[in-house]
Structure formats: structure tokens, C-alpha cells
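First the structure, which I've put down as C-alpha cells, then a few questions once you've had a look.
Going by the order they are written in, the chains are A, B and C; count residues from 1 in each one.
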């Protein structure tokens, strides 16, 4: 059967879900196609807005500071594009900051009543601690991940507690890395200890995954044993703060955090972890729930297929499921298919391609990339603050976030793009991934809604 | 100052074989390796112990290779695998060129316990290997063996150690001392202790491969080498049922060999004067291999390339002929006639000959030292080659998955039980650390304690850590923590281990990056840069640029 | 040496090395694993991992990677590969479309063929039944007893019996599948009532044979193919325009083989048939005439073979249909789309695993406060019914086809 929609969103990560939720809030009949699980679900669950300027090595004190820098130096950065308005140039940076503030505040409000309330705002970056013991600047984290006064209070003492048989987090090495880093920056805590907990959700203390522990702790009854050991260990070293891997639960993380704090007397928090991470999945689920509760149609397990983009208007999208194809007629489309992980962008030795509409791709520095060998867009050094330009490649869009062609006109008047399918920013280096997704998803959706309202009027 | 009968320089296949042979004959041995065991030429080879495929017009060498395969089957069967190979013939001219080979090969087939060269119809060929170009007119089938080059070197080194040899990795020889034209000892820089150290000896065996001429020069001796580089493209898994041989664009033989759980596409052969440490596979080499193999396997380009590797062959210096015509035999040069007594060097040779080379060299050393001795390296098994391993029984006994045990067996042979036994005291060591391979924590702990790795990269060579499709994306930080615990590393060194390992993996991944390997890399960057913030930590960590990274 | 001898010599070596050459079809399946980036999302979403832990069931990624990377080691996966319920969650969440359920089938087929000793013995028994009877279950010996059982079920449910009919040239072939044919006969009868109500020209098969899914799942590809071809012939002989089934597993499997073997007709689940062919308007007016109007709080269970192997849209249809029925209030269970544990033949040999998978489902159902679970699959119905009964729950379970038939106006 065919479906009808005002707006079809292709892609179910942060950008697509933000676009979808916003569109339903505006009364649009919205269908969102989610092919697999998104890169948002992989993420640490922390929401980076901007941690470093492109190529920068100094952590930004606040996203606002970073946005101002982008406004003046990187006008084609997705954040920079927010400043292309009729207004005069001296208000560009203000425009950008306000747009980002609006989108970010909206997200925070959207998730307020959920099981993953967010902490932080764009007026300052937070120092989040990772499972490696490293520290990274980020804008917002789930409340369970906030380290409290750990790095402020001169007398603080940290306990890093891991789980035996859960290899993602080695508390001993994390404590060591963290303490060395803090000491060299002359910052608290004054001491960091470590402990390995024996939590065996299925009776064995080996090959334990984060999902098992999270689900185990979602059962209230299992928390008390953990609390008892933690209390004892915290007392042993006089810990004021307890760092745990992010496994406090899918549904009860916040309650568990508060309960553990009550029972141990220390500030308990979750570290940032690697995929597949529980907080990332919590975030994904929170957003999906908001979308569905708002009346959006979420079609999981379907990817979008287009024959080709022949006319200037996209009127129909085919959703391909395991054994069924659905034709969805629509008035506008938001393309939020992600980059290489999500599959929105692919690369062969012949060049970089966009996978749904075969739109023109560009490199991080906006050279047409449809025939650049991916290797040419990489550096010799694996990890550098410059990032690899490859991961800054994607679609070039106009200020309305419509993908453009080689002739520099929009590919279709009702096709918008958001999130990491966009070019011009290097999220692993800048620490800006979910931030760009939120803001561009928000803006692309707004433009798409305006377009649909305009056509309908 | 420590005194040795013989000092061997180089921890590749030849160096470790010499150390083993000498030690087994009762000599006091020191082996010095600049990096890690099998970290250069040997580590970049395909691991085929060929019966002499490419040099059928050198019958003596073919005989030797054939015998050596039999010897390896006796001493190291646990790290070997059969490599059935199909050579599709696409044109009539291909058939005529196969004649001599078939005859020479089949003559020696029985000693190696393989069938003679067989001719297969197109239909049968396609049943065995459906990916072949359906236009083939026939195919040639024969069988070779593989040995894990890393395992072979490590086992030879360990066996040498068990016979009393000192094996020192990360020790770079800086000077060779002579007195009146005779070797008296050498100096080396120990990168682990950060100190200059020295040792006394009257005999040095120079098995430094592509650096052998530089070692000879330290003693004032002259050694000519023809350095020739070769690239391999590595695919994520076994995309072919059997090995495939094809002719490249200019008529050289290239191959696609399933090896362990990957496939190797190789190789190129280009004369080189570059520093071997900086070499990576070039775009030309990658395309040459793909283009050439595409002719017989049209779908090869759809396969997932996980990385490339580049190695340098230290060929016997013959000029004015193409690389393919240079003898694959080896030479042992005694530098005594040019006035450096006690130094002998190797040039040429192949992996399959390493034990033979060691035997000849050790015979010469013994003669020079005036002692009589008998070589036993072809009869005494290498560690782990003792019993057959019952996978099902071990998996059940220790509660470890069958696949984990089977992969461990392929790396460890009969040591598998010893490793699993560790999980009795430490059940948590049953945890899988590298999921691609897979490798459990017990094997890592065992390898760290028993096989002297200094870095995570060394550990990779011991257990194939991070060698699968994800190239260390998910195991690097986990394994680094285990290594750090065992070696009592600081937080800074723990992070450096991670970064160094990723740097080495990136060296191979970068040149061929395409397809899903880009998504894989985005994930790796997501972990180590985006979340881990290690991209910002390089300066703070005192990270030294690697030789191949300096060329921007 | 003759050509044949040469070929046999090669095969002997390959067998010794446990290399069983992939056919081109198999290579296409295995090829999808190339895209795996090891992210672990499949493991994070796998209902079996969640239920029994990663150590017992190492998860979809591990199975896929183990086989594909080194085919000669296929047999080593025998200790985990039979614990997969085939729910398809892994493929659905995979950002790279890795077709893990198909790979699981492929490994099982290799073990079945080359190392049957490593296969759970209960699956050998199951296979023997399929081979012997062409059905997933041993059929009723006595047709009268079968009819008695059917009548008892119908009486309990207040449904009337419509005699079976085999009509050449009918529009629709109704295919009940093994469960509704041999066990849950009320589902088959309900489907007939529905089709009859909407005056559909339908036919049954003269003699039902299994669609082959259980054979595929236990690795007996040969039998699966034989059954599929047999069915194709029967379908062709009847000359129908489409096939309608009430079983989720049959839906996805028949859709697959109909495409593979070029049947040339579409395969629908009853829900799809009702919404897409009968239409919401007709359904709505039918339900309005219904006499059954007791208020009822129900919750839906989504069969994996519909949502993850066919299309999620099918359960939107289910929701739409329930929304048309007067008095029915639907409450969603948070685990509505998670596997009931009944798939993949796991319950045949590892009942504890199947039950563990089901556990969360049951808790979620209880939490909704619904007094009835409705699901458009007789196998899920049986699995849910059994489990709810075991734990002493008062929640009842209805196959959705039955549920619909009961709420159509009674006809003379």
C-alpha cells in the first residue's frame, strides 16, 4: 500500500529524529525511515556542540566561544551556514549562537521528562571523563554522567570501579591516566583509587557486556549488593566521587545513580564509553519515543530508494523493507542518512558518493569529491587534531540546507539535508557531532515545514 | 661484559633459525633485534613455504625447498596449513607455459605428500572456485603449504631461548668492534632501557635482511644487496575457496591466497632504494594487483580490502636482469677474505629456506670456531608441535567457545591446553578481548609472560590481535590495559601504546582505504578521537612521529 | 589421471582441509558480512544475548564473523549457532545490512551436511518428521479425531465450521501452514470465515505441505527446496492470483521462495490482505455490524517473521484493524516487538533459552494491564499461551485471525 506524508525524513539518528520531532510538532504528517540503528545509538551519549575549533588544540571553554570563532573564520561550516541571513555581518555570530541556543534548549526541553534528562548548556563546556581516564570537552551529558565537583574540589578523591569480566573498562589504568592528567594540570582530585566489582548478571564473571549489566541494574533488587561493595570501597580510600562505566541501566539509570549516592555518600557518575554504549542507546530510545509519542510514523527496517532525481521536486520516496516496498508520496524530504557509518556517504577508489539521490559530494574544503580517491583525503598520522578531511566530506548545501549541484543550485526545491551527511566539519576532531546533527536537523526541518506550509497555502 | 660464542643480528626467519641452530648445538648465543621478532621482511611475507613454484629452472633449489617443506611438516605442523591452488588458464598460450612446471613439481610431489599437478576442466574448476572468470579453458591445480611467519620466528626464538640463548628485542647494533681484523664484540642501543650496552664475541652472524649491508659496514666489511620491495593487499576474510594464481599485466605471477582467516593478494616486485622503514604500498602497486587479478577473478574489486603491507626483499645482487630472474637461492658470505674475520652475512633466500640457511651458516660458524657438531633443527619439534588438540573436549572442559579454542590451536598448537589451564585460577580471563580473531585474555596474559612482547604491536604478532576487519578498533584499548597491567606501565605509556598501535594499523589501512573500511575508520576515529580525545593528547604524550608519518 | 579422477583428488584434499566450496548463491549471502564494522549493535539488541548473557550466546556478530572469515572453521560454531531464534533483530538494527539470519541458516546447513554429529539430536528428530510427512508436525492419524478437535475448538470460540473447498481458478489460495492445519485449527477455520464473509473466491490446497521454513532453519536445504518446488507446482496447478496465509513464518518464507522460484503471484499475510485488498472501509462496516461488543483491553505482540522478515508496516495494519473494532482498547507493551523465543527451533533443544527469551515479554505484557494478547501468528500464539499459562497468568492469548473472525457479524 502507499503511504502519504507531508514530510519524509530519511535517517533515524539524531539529525533525522530532531527533524522528525520538530515536523510533527508543526503539525506535519511525518514518516521517518530508519534503516538500521543509527550512529547516535553508538555514541557515548554525550552531546558535543563544539569542543575545539577546526584544527585547534585548545579546548573551548564554551560552545558559544567556538560558534563565534566559526562565525568569523569558517562561514561554510554547517554552524557558519546558520549565519547566512539578510542581517548585516556584525550580527552573524549572534544569529548563529541564538539559532544553536534555540535548537539545543528545545532538545533539552524535549528530553526533560524522559529517563535521560540532560545536563549543561552552550554557555560552557563540561569536562567529561572517559573510560580511558581521559578528559574531553563536551556541552551536554546525561545527568548520570556528570562528574560533579570531582575536578573542582581540592579535597576530592575518586574511586574508579569496574566490573570483573567486562573488558571495556579497566579501572586501574583509567584511574592512573586520569590522575596523571589532573596532576599535570594541577587540578583535583588529590587521589584516585580503583576497584573491580564482582557483578555477575548470569552467574559468570567473564564475557560480560554492558547491556547485561545495564539490564541487571534495571532490576531494583540487584542494586543493593553493588551499593554495599561500593560503600566499602569508597570508605577504604575516602572517595568523594565514584566513577562507573555507563551501565547504570536503560530505564533506571537516574534512579540508580541517586540511590547509589544515598547509599554510599559519594557522588556517583557514569564515564563516557565507546560503542556500543548504553547511554547512546538511551538517547536514541528517548528521541524515538518523543517522535512516536508526537504522532510521527517511525518505519524501522526500511531504507529509502530513489530511481534518480529527475525533476526539481521530490514527490515520492520508496521505502524498501525486508520483503515489502512501500511508496510514500510526500511534499518535502529531509535527508539525514549519516556519513560512512550510517551509509549516507560511501567511498570507492573512484570517488565519494551520496547513496540515496546520488547527489554531488564535496571534500571538507568543498572541492567536488565525486571522483577523489578516499586515500587522498587522509593524513599519514592516524590520530591528529586536524582529523582526516575524509570525515569532513559529504554534501554541500545552500543556507536553507538544501543540497546543491555542481552548478551551485539546489538539487531539488523540497529536498533538505541534515546531520553528518553534510560536508565542511570534522566532528571527531572538533567534537561537534551530535551538535551539528541537532542544529541542522532543527533548521532543515524548519525550512522543510515552511516549504510545505507555503505549497499548501 | 657479557660474552657469547656467537651473536646473531636480526630477528627475522633466518636470524631466529640461526639462533636456534647454534643454541641447539650448545653454543652460547645472543640474538639482537632492532625491533621485534618478525617485524620487518618476514612479517610482510605471505607465509607460503613454496615448493619452488617460481624457480623451476633451478632444480637444486627446488629440491631443497621440497625437502624443507617436509622438515617443517615434521617440526611445526601446528602452525602450518595446506594451500590448494588453482591456476586458471584463459588462453591457449597459458597452457604451453605450464609444462615445465608441472613436470618439475610432480617429480617431487610424493615426498611432500601432495598429488601431482592436476588439470581440471572449466566446469570442475568453477565448482571448486565459482569466482573464477567463466571463460577459462582449463585450470592447473597443485598444493602448497603455508606457515605462519610470525609463529615460526617466535617459536624458533623461544626454542633458542629454551636452549640457553639470550634473545633481546629493541636492541639496535650501533658498532661492531674488531681487533686486528677479527671481531671482538659489539655495541648496541637498548631501546627498552634507553642505554648503550655491549657484548663480547668472536663470531657474528649478520641476518639483518634489508639492513645487512649497513651491519656489514659497521665492521668495515662490504656487502652488496639488491633491495626489492613487494606489496600485499589484504582482504577481510577468505573470499576464495582455494588459492588462485594469475599472470599480472607484464606477465609476472601474482597470487590470491587464503591465509589464516584473511586473503593475501600479492605481490609486486620493484627495486627500491628507499628507507625500508618509511615504505608503504603505493596506489600504483594496489591498482596493479587488483587490475591483474581482476582478469581471472572479475569480482575481486568488490571484496573488502582491510589493509596493505609492504616488505623489502634482500636479494642477491645481480644486475641487468629483471627481479624475477634473480636466483631465489641464498648466499652466505664469510667476510674473512676481505679482512674481517668472524663476520658472516646472508643475502637472498626465501622463508622456506630459513632453516636450511641456518644449518649452513651454523656449520660454517662451528668450523670457524673449530668445533664439530651436528644439526638437529630438522628433527626436533618446535614448541607446541607435540600432540593433536581435541577442540571439542577442551572447549567443554574449560567452558570456552569452540571457535575460540580452534583459533587458539591454530596459533598455539598443543600449548592451547596450558593457556586454557590459566582460566582455572582466573575465570575472568576467559573474556574475549579481540573479537575478530578471537583472542581471550588468558592468551594475552600468557603471551605477555612467555614471549617477551614490549609493545602492543609485538603482542599483535604473537596472537594476531587487531588483525581482523576492524583492525584493532575494538580491542586496542582493552588489550593495552592488559599489557599495561602486566608491564606496570604508567598512564602515559598506556595511552602511547594505544596511539602507537593505531599508528601502525593506520599505516596499512590508509593506502587502500575505501568501501566499508572507511566506515570502520570513522568508527575508530569516533572511539579514539571523538570520545577518547587522544587526537588532542599527542603533544602531551610526547608522541614520536613514526618514520612513515614524517612524509606528509 | 582422468578429468574425473583429478576432480575427485582435489575434492578429497578440500574435504580433508574442511574446505567445502561455496556456491555462488552462498557467496552472495556471505558477502553481506563484508560490510560488518564490528560495532556490536546486533549484540546489544539481540534478545538471546539479553536473556542468557554474552558468554552463553556470543551473539550475531560473532557467528557471522566466525563463519565468513574462515569457512573451514564453520563447525566450531555448533555450540552457539543453534541458540539463535532467527528473529532478525540483528539484521534490522545493523547499520550495514548484514544478513545475519541467512548466514545462520547457511552455517546450520553446512553442519547438517558435513558435521551432523554436532547438531542437537532433537533437530534430527524434527528433520525426520519433515522428511517423512512433508509437514512440521506428525499429522493426525485419524481424520475423525482431527475433525473432533477442530469442532471442540470452534465451539469454545463460538465459531462455525465452513467446509474446506478446493476450487481451480479461485482468486486466492489460502495457505494455513502446518500449525493452523495440524494444531491450531481454529486459525485456519477463522481465515475461512473471514474470506467467506468478504465473499472472496478462495481455495485451499488439496493436500497441504510445509513451506519448508523449519527445514531451512535446521539446515536441511535439500528438503526445504523439495517442499518449495512441490508447493510451487500445486500453486501453479490451481491457477490462483495470490496466496494468503495466517502464519507469520509462512508469510516471510513464502514471499522469499515465491520470489526466488518465480511463482509470479504475491504472498500476503491475512492482515495485509485485509487492509490492502479488502480495504479499511469494508472492514470498518463489517465490525460495526458485529454483535460482540464487550469492552476489551488488548495488547499486540509483533511476530518477528512479520516485522523483521517482512515489513514493520504489517503491524501498523494490525493496529489499524484493532482500532476499527468497537470496544477494543489497545495498550502497547514495551516489549511488543521482541522475540517470543519460539523461533529458530531453539525451543526444540534448549527450552531454557527459549523461556529466558520470553521472560521479558511476559513481564511487559503483564505490565500493560491488558487481559488479552493478540498476535497474528499461530506459532507466537502457542508460545505465548504456553508461557503465560506456566507462570499462572490470567492473560489470554488470541491469534489475530481468530480474534477478527470472532468480531465479524455472525452469518446464517
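Rule of thumb we're sticking to: a contact is a pair of C-beta atoms (placed from the backbone, for glycine too) under 8 Å apart; a residue touches a chain by one contact, two chains touch by 3 or more.
Predicted, not measured: the structure shown is a model, and the values here were computed from it.
The chain with its CA mean position farthest from that of chain C is B. Located most centrally within the structure is A, per distance between chain CA means and the overall CA mean.
Contact count check for B-C and A-C (C-beta pairs in contact): higher for B-C. Chain B has its Cα centroid 41 Å from the Cα centroid of chain A. Between the Cα centres of chain B and chain C there is a gap of 49 Å.
Rounded to whole angstrom, the centroid-to-centroid distance between chain A and chain C, based on C-alpha atoms, equals 36 Å.
The residues of chain A that reach two or more other chains are 39, 42, 204, 206-208, 275, 341, 343, listed in rising order. Counting only residues that touch two or more partner chains, chain B has 430, 432, 474, 519, 523. Counting partner chains per residue, chain C has residues 37, 39-40, 55, 58, 96 touching two or more of them. Interface residues of chain A facing chain B in the complex, by the touch rule stated above, are 39, 42-44, 46, 48, 52, 57, 59, 130-136, 164-168, 170, 172-173, 176-181, 184, 204-208, 272-275, 339-341, 343, 346-349, 373-375, 378-385, 387-388, 390-391, 427-429, 431, 433. Partner chain C is touched in their complex by these residues of chain B: 81-82, 84, 114-116, 118-121, 124, 127-131, 141, 143, 236-238, 241-242, 260-262, 302-304, 391, 395, 401-403, 405-407, 430, 432, 435-436, 438, 468-470, 473-474, 516, 519-520, 523. Across the complex, chain A is touched by residues 37, 39-41, 43-45, 49-50, 52-56, 58, 88, 91-97, 251-252, 255-256, 275-276, 307-314, 316 of chain C. Across the interface of their complex, chain A is touched by residues 283, 287, 427-433, 441, 474, 477-478, 480-482, 484-485, 490-492, 494-495, 498-499, 502-503, 505-506, 510-515, 518-519, 521-523, 525-540, 545, 548-552 of chain B. Chain A makes touch with chain C in their complex at residues 1, 35-39, 41-42, 201-202, 204, 206-212, 215, 275-276, 281, 297, 299-303, 321-324, 326, 338, 341-343.
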